[in-house]
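Naming follows writing order (A, B, C and D), and every chain is counted from residue 1.
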Amino acid sequence: MTTTTTLARHTRPKPTSHIPDRSIYERRESVVRSYARTMPRQFSRADNVWMYDNQGGRYLDFLSGCSTLNYGHNHPALKQALIDYISTDGITHGLDLHTDAKAEFLETFESLILKSRGLDYRVMFTGPTGTNAVEAAIKLARKVTGRGLVIAFTNGFHGMTLGALACTGNAAKRTGAGVPLSHVSHEPYDGYHGPDLDTAALLERRLSDPSSGLDAPAAILVETVQGEGGLNTASPDWLRAIADIAKRHGALLIVDDIQAGCGRTGPFFSFEGMGFTPDIVTMAKSLSGMGLPFALTLFRPELDQWLPGEHNGTFRGNNHAFITATASLRNFWKDDEFEQDVQRKGRLLARRLDAIASGFGLSTRGRGMMRGIDVGSGETADAITSACFAAGLIIETSGAHDEIVKVLAPLIIDDAALSAGLDIIEESVRAVRTGSYGIAAE
Amino acid sequence: MTTTTTLARHTRPKPTSHIPDRSIYERRESVVRSYARTMPRQFSRADNVWMYDNQGGRYLDFLSGCSTLNYGHNHPALKQALIDYISTDGITHGLDLHTDAKAEFLETFESLILKSRGLDYRVMFTGPTGTNAVEAAIKLARKVTGRGLVIAFTNGFHGMTLGALACTGNAAKRTGAGVPLSHVSHEPYDGYHGPDLDTAALLERRLSDPSSGLDAPAAILVETVQGEGGLNTASPDWLRAIADIAKRHGALLIVDDIQAGCGRTGPFFSFEGMGFTPDIVTMAKSLSGMGLPFALTLFRPELDQWLPGEHNGTFRGNNHAFITATASLRNFWKDDEFEQDVQRKGRLLARRLDAIASGFGLSTRGRGMMRGIDVGSGETADAITSACFAAGLIIETSGAHDEIVKVLAPLIIDDAALSAGLDIIEESVRAVRTGSYGIAAE
Amino acid sequence: MTTTTTLARHTRPKPTSHIPDRSIYERRESVVRSYARTMPRQFSRADNVWMYDNQGGRYLDFLSGCSTLNYGHNHPALKQALIDYISTDGITHGLDLHTDAKAEFLETFESLILKSRGLDYRVMFTGPTGTNAVEAAIKLARKVTGRGLVIAFTNGFHGMTLGALACTGNAAKRTGAGVPLSHVSHEPYDGYHGPDLDTAALLERRLSDPSSGLDAPAAILVETVQGEGGLNTASPDWLRAIADIAKRHGALLIVDDIQAGCGRTGPFFSFEGMGFTPDIVTMAKSLSGMGLPFALTLFRPELDQWLPGEHNGTFRGNNHAFITATASLRNFWKDDEFEQDVQRKGRLLARRLDAIASGFGLSTRGRGMMRGIDVGSGETADAITSACFAAGLIIETSGAHDEIVKVLAPLIIDDAALSAGLDIIEESVRAVRTGSYGIAAE
Amino acid sequence: MTTTTTLARHTRPKPTSHIPDRSIYERRESVVRSYARTMPRQFSRADNVWMYDNQGGRYLDFLSGCSTLNYGHNHPALKQALIDYISTDGITHGLDLHTDAKAEFLETFESLILKSRGLDYRVMFTGPTGTNAVEAAIKLARKVTGRGLVIAFTNGFHGMTLGALACTGNAAKRTGAGVPLSHVSHEPYDGYHGPDLDTAALLERRLSDPSSGLDAPAAILVETVQGEGGLNTASPDWLRAIADIAKRHGALLIVDDIQAGCGRTGPFFSFEGMGFTPDIVTMAKSLSGMGLPFALTLFRPELDQWLPGEHNGTFRGNNHAFITATASLRNFWKDDEFEQDVQRKGRLLARRLDAIASGFGLSTRGRGMMRGIDVGSGETADAITSACFAAGLIIETSGAHDEIVKVLAPLIIDDAALSAGLDIIEESVRAVRTGSYGIAAE
């Protein structure tokens, strides 16, 4: 595996010389930090699929900011557009005032994304975090329906603020709330009880039963692929059934496309071509294209029943993000070339992961360029990602027990780099499974 | 008033030629937008204290992104630092990985802000919105104390996500939740029941009474000046009393310094010199210096009891904001010159506003460079700000009934521009009070 | 069917002469009344299995106060004991003071109920309503475990006060709360998703998954037979599985035996002989034996962690009920004769109902002397019970759609009367199914 | 004080011979028991104002089941009516079916209570506990107004089930809930912040302020005298102000008359003659006259918007209580003689308590026959009630710190017995204050 070797040669510095002076972090940064623990380097710059630390180490990025960097780090076109904007004193911050940057974004989003897909959504600029977009979505659903309950799913992940956290399945995150999380019921996701049990039918049964104790919901909130929850995928059939259930019971269907959207599974919206249209869609992560904070809540025009300022926020018009988002739409979504290429690489990724997994009796999960291997336990997965990191690959885990090694490579990755990263994964899985690589400790 | 005249001459374009093609907003942007309604222009660029629309209009900015642009628009030093960083492929997005930009920010914040003030806080990079910083603060207080109730105050404003919204007093915002807002009790702020009633004593009485029905609180969450709630100011005596109450009853004192911090009232933290130290502080708005999304939650090291990733978020390490924030600290907070100048301008502002107010039998509110005139009703205030806008001044209202005309000029404003803006306010108040300017409609 | 004829002859007065002057009810009694609507008579007296109205009508009682009158109306032994007690100025009301009547009840309950069954429970005298016993049970479980969530089941019915109502499945009842019902998750009961799906396994799966969104529960609250929910029965296997789940996940198992207890299914406790012991048991309804308000919460001694008066109530020591309860225990539970006879009659009832049901292609439900026929719709069931009432039989419906005709005859009923009542049911089912009896209206 | 001596001689048995065999309580009764701890006797019978233990001890009852026995123990007329009813097989239990007993109660309540007072209320038979009546009241208010928040008051006591408990101020009781108590705000009662601060004005200020954080309430729930909370009395002026506030803000006024009603303060309803009419009234305690479980919720006919059975309960038609309640109305409320006598005795009680209090520099509280002495601490109050019990007087404490020695003598007490009991109190206060009687331990 020469590519791996080459990669490793360039990226793997001597461990002893490599550890940054971390005292400032230990003195001043809250212990809530997480990724910095398993990847204890200080990073200086990044481009395309590469990150560079301050000791000369180079890393291939298969994490992509948890799908925030679908177009890679500092894409030249986006970067230039932003520098030009800043250089000419473009509006940086203007609350929700109209700006040239906002107008251009809206027009580009309308023409390149909505029109060609036959979608008619209003765009709400929420606070520029995914959790804020989710909070806005469930607020709107509750307001429009006059109901309080939101149905979310096992292993769903929707954010850390109180409303979105209630929709999140992870017990460790939930406990952090310090108060009971209310007004949400977590139902089994597609396949949760095995391939033979139709969990949509279970839900329909209870919603149809006036004595089930499950109140009539304002919304059903679903991810088409559960990015944090373990790369579980919902089938189009199941999603259509959920969409039907929502409609039948007067609830709004919210697709949280924060991690799976922006091409991660191939199309711009992860639900395209599945035969249903969500009432509300939340977007964030790769929306700005370059990693800048940006989030949107989209909804059918009839649902646009907000009062002015009813949900507001200081940074709801991040003009820098408008600029890079517009550039990313123009660069990648003006036709279907990019989507086709992502689909192709997704198949390539699937084949390689399947091959690696089957070699060790493991299974794979996911869709498009959002796939992983279930290695059985969080301990094993940590050892594997640690081995990968030592070999110059940034990669993380996912799932209820962190048991999924998750590949979230930039979508713009070329085949050679993708292959090189997969080689490292394969070697790392082998090393851990054969016992030649132990469990990493920070 | 030649300055005003001059200002108006340059900025006030013919109304008919001035209205942008707003169809894209009406087609695609949610009706939740607010500021864009009362200031129906499309803005193109901005520098220092000025904003420019796409029709050649120039506006003096007395809104400053609701105190997000304390150092003005696109400050040259900050702008250059950011362009340099982007040009050299500095890390844009890295989740919470260590980066050069983060290290520099932490070191600068430690040396220029914390050390010189004798403060020992851990820094938590929350999602880059104020509401997220507040959610993190109350989560932490609940976690550390094992209690659920948060005490907030009348007219307090803390954000729009469910946990922060419960702490917010505004009924219109609260109703947007669609579910009951729980686990928070809203107590009367300093002066709420008039100057003779000590509302801290009222609170102490109930917290000391095991039969009052007011549960033992996890936290008391307070603004030193209520930016959205009407520029009500809490006296140092009252704040110390609240701090004592918190300590005596085992609650944590959280100062929400999102609007009043970063020099808006003079010192970096609005509570400096008041004889108490908050357990937790939330910051956002002007923290990045240039208007980029950025928020922090600060707390005593003993409170840093988070589990890794217990409160996380995609954009919690906005490296662009680290760069501009560091530059802003170095430019404005390396000594006390800036603070002294803000104090001086604050006194100037106070004198002018008092003079305007007393001329019309009105009263003023606020502290430092965060002051306003109570014009008696939201209708009157809207008419005044509308008249101001027509004369080239961007300014907004505040208060339970939007009855306060609020001056939030950039702190770096020079005396001439400040004076020119105040002249416009004076003329506008006169015009509205004398009936020569009617109520504006969008 | 001579018995029926005989019964009818004696009981069915002329309708026109029979309707009481109901103006006082219409003027003064809240429209919340329910049974009085479908049985619009004014009743004067009752004995054994019979009720008599004020027009000379006699009715066979197959409702038994929803299982409150297991020993029939005004049983001579109970009645005499109560008269004797009142005549000698026995304590009527003494809050929770020790009284002779309470001591006798406790000693009798210990010797006749607990000891012989090998059960070691502490007895808590809650407010004398079932809902209060349930509130006490879930309070205690939350207190002991330090957790908030209670798991209840589809179609469960546990009471109307806010805590118990949250555990109740019925949507019409739930809506009455006027606030969201929190801290309870309703899981599918045994057989809810058909005979082939093990709903205990579904629950186990989600409780074992740290990312399911189902928080660790304080308690699992279950009825062995769902009296109000449609006479659904849980199998001993399923109940043991639920008991195991509770133990494994640190939750307390609460059996709500308010309707199924006191011999209704045969044994004193409905869970006897099933191979598990609940941590907490709630009792009410037939506990006093004579229909007097009385409720208990029983729990393992280790769980008796209440502070004095932590859950109190004015009527928590209803001494009249102690007297009749003691007499009922002595009369019916000193040996197993009564239980055996109930079992025998239960089988008789099952055979007759099965025969009736199979004649019309219907199915039956229930256990012991708590059985019914699923007639397919609430409309049909109402017509049947209306026909029964016209023939002199008091009987009610149950189930999510009120589609179950429910037989809750007094346990002391003799075979002839039981048979006579069943004859009326059979005739009524036939009359309604063949269209010779229409749907009743009040 | 010969009366006291005489009383004591008859009632005070030798301590050693007096303690009952309490092993059954310790083995089987939950430790939640409270009164039985401070009055460790086993009581056998009772009549008029006297209770008798099983060792021959006699006690004067100044507790009256916390105002449940306003007409004394086992009043001959009530007792006879009940025996007659039972002897003739009157309906004991009939759910909410119409019965002769219910009709008679409704007619008597209408003619003797409602009509003569010009009140037009519908009568709702809730579950027979005060807490259930409160739950029904707040449910109805929430249903009718479509709002969730209930305003209750400091030191208010309304019951132990989850909805009523949220309205209760006592922290020890509240903690028992095990979950946060929501949807209620506790405001300062009349005089809570001293005589000079109008707490109704404080409430009005916040309800009128759209930014106070106090949501628009469904109901204001108030006691005219706080029985458990320390015998605090609300003035008619304050109550009228509260009634006005409720009306002005679209909330329903609920008077919880469970402890203060049925003549305890003189008139049948404690709010009579105060110039306002509650929308909803809750009653229990002395309603049955004899101590039987019975509770009502009364409301204006326009509010009677319940669906049939929307709030139900097994024991909501306690016919024995109908019988004794009817008898009590006929005996005591057919004219104003009883009320006048209670007023007279109330004044007598006030004079004696004032004299005792002033002798020791203490103060008194209360209204009518519901008065007490504030002895400064719960420890002192416990010592005093313990000394009283040793002298043959049953009496309890009240207040946030149990610092009020509370006199709740039966209203039918004759002057000699009242005087004798007050003598014991005086002696006991003196003994404790002079140190000749120590603090009692169970």
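The criterion applied here is as follows: contacts are C-beta pairs under 8 Å (C-beta built on N, C-alpha and C of every residue); 3 or more make two chains touch, one makes a residue touch a chain.
To keep track of the chains, here are their UniProt names: A, B, C, D = Diaminobutyrate--2-oxoglutarate transaminase.
The model shown is predicted, which means the values in this text are computed figures rather than measured ones.
**Student:** If I average the CA coordinates per chain, which chain comes out farthest from subunit A?
**Tutor:** Result for the farthest chain: D.
**Student:** Counting C-beta pairs in contact, which comes out ahead: A-B or B-D?
**Tutor:** More contacting C-beta pairs are found at A-B.
**Student:** Can you work out the whole-Å distance between the CA centroids of subunit B and subunit C?
**Tutor:** 59
**Student:** So, what's the distance in Å between the C-alpha centres of subunit D and subunit B?
**Tutor:** Each chain reduced to its C-alpha mean, subunit B and subunit D end up 51 Å apart.
**Student:** Whole-Å distance, subunit A centre to subunit B centre, using C-alpha means?
**Tutor:** The computed centroid separation for subunit A versus subunit B comes out at 31 Å.
**Student:** Residues of subunit A that contact two or more other chains, please.
**Tutor:** 148, 172, 179-180, 182-183
**Student:** So in the complex, the part of subunit A that touches subunit C is made up of which residues?
**Tutor:** The contact residues of subunit A facing subunit C are 148-149, 152-156, 168-172, 174, 180-186, 188, 192-193, 197, 202, 205-206, 209-216, 229-230, 399-401.
**Student:** Flag every residue of subunit A that touches subunit D in the complex, lowest number first.
**Tutor:** Residues of subunit A touching subunit D: 179-180.
**Student:** In the complex formed with subunit A, which residues of subunit B make contact?
**Tutor:** 20, 22, 24-25, 27-37, 39-47, 51, 54, 63, 65-66, 68-69, 73-74, 79, 82-83, 86-100, 102-103, 106-107, 109-110, 114, 121-125, 127-132, 135, 138-139, 141-143, 148, 159-164, 166, 172-173, 176-179, 182-183, 218, 258, 284-285, 290-293, 297, 299, 304-315, 318, 320
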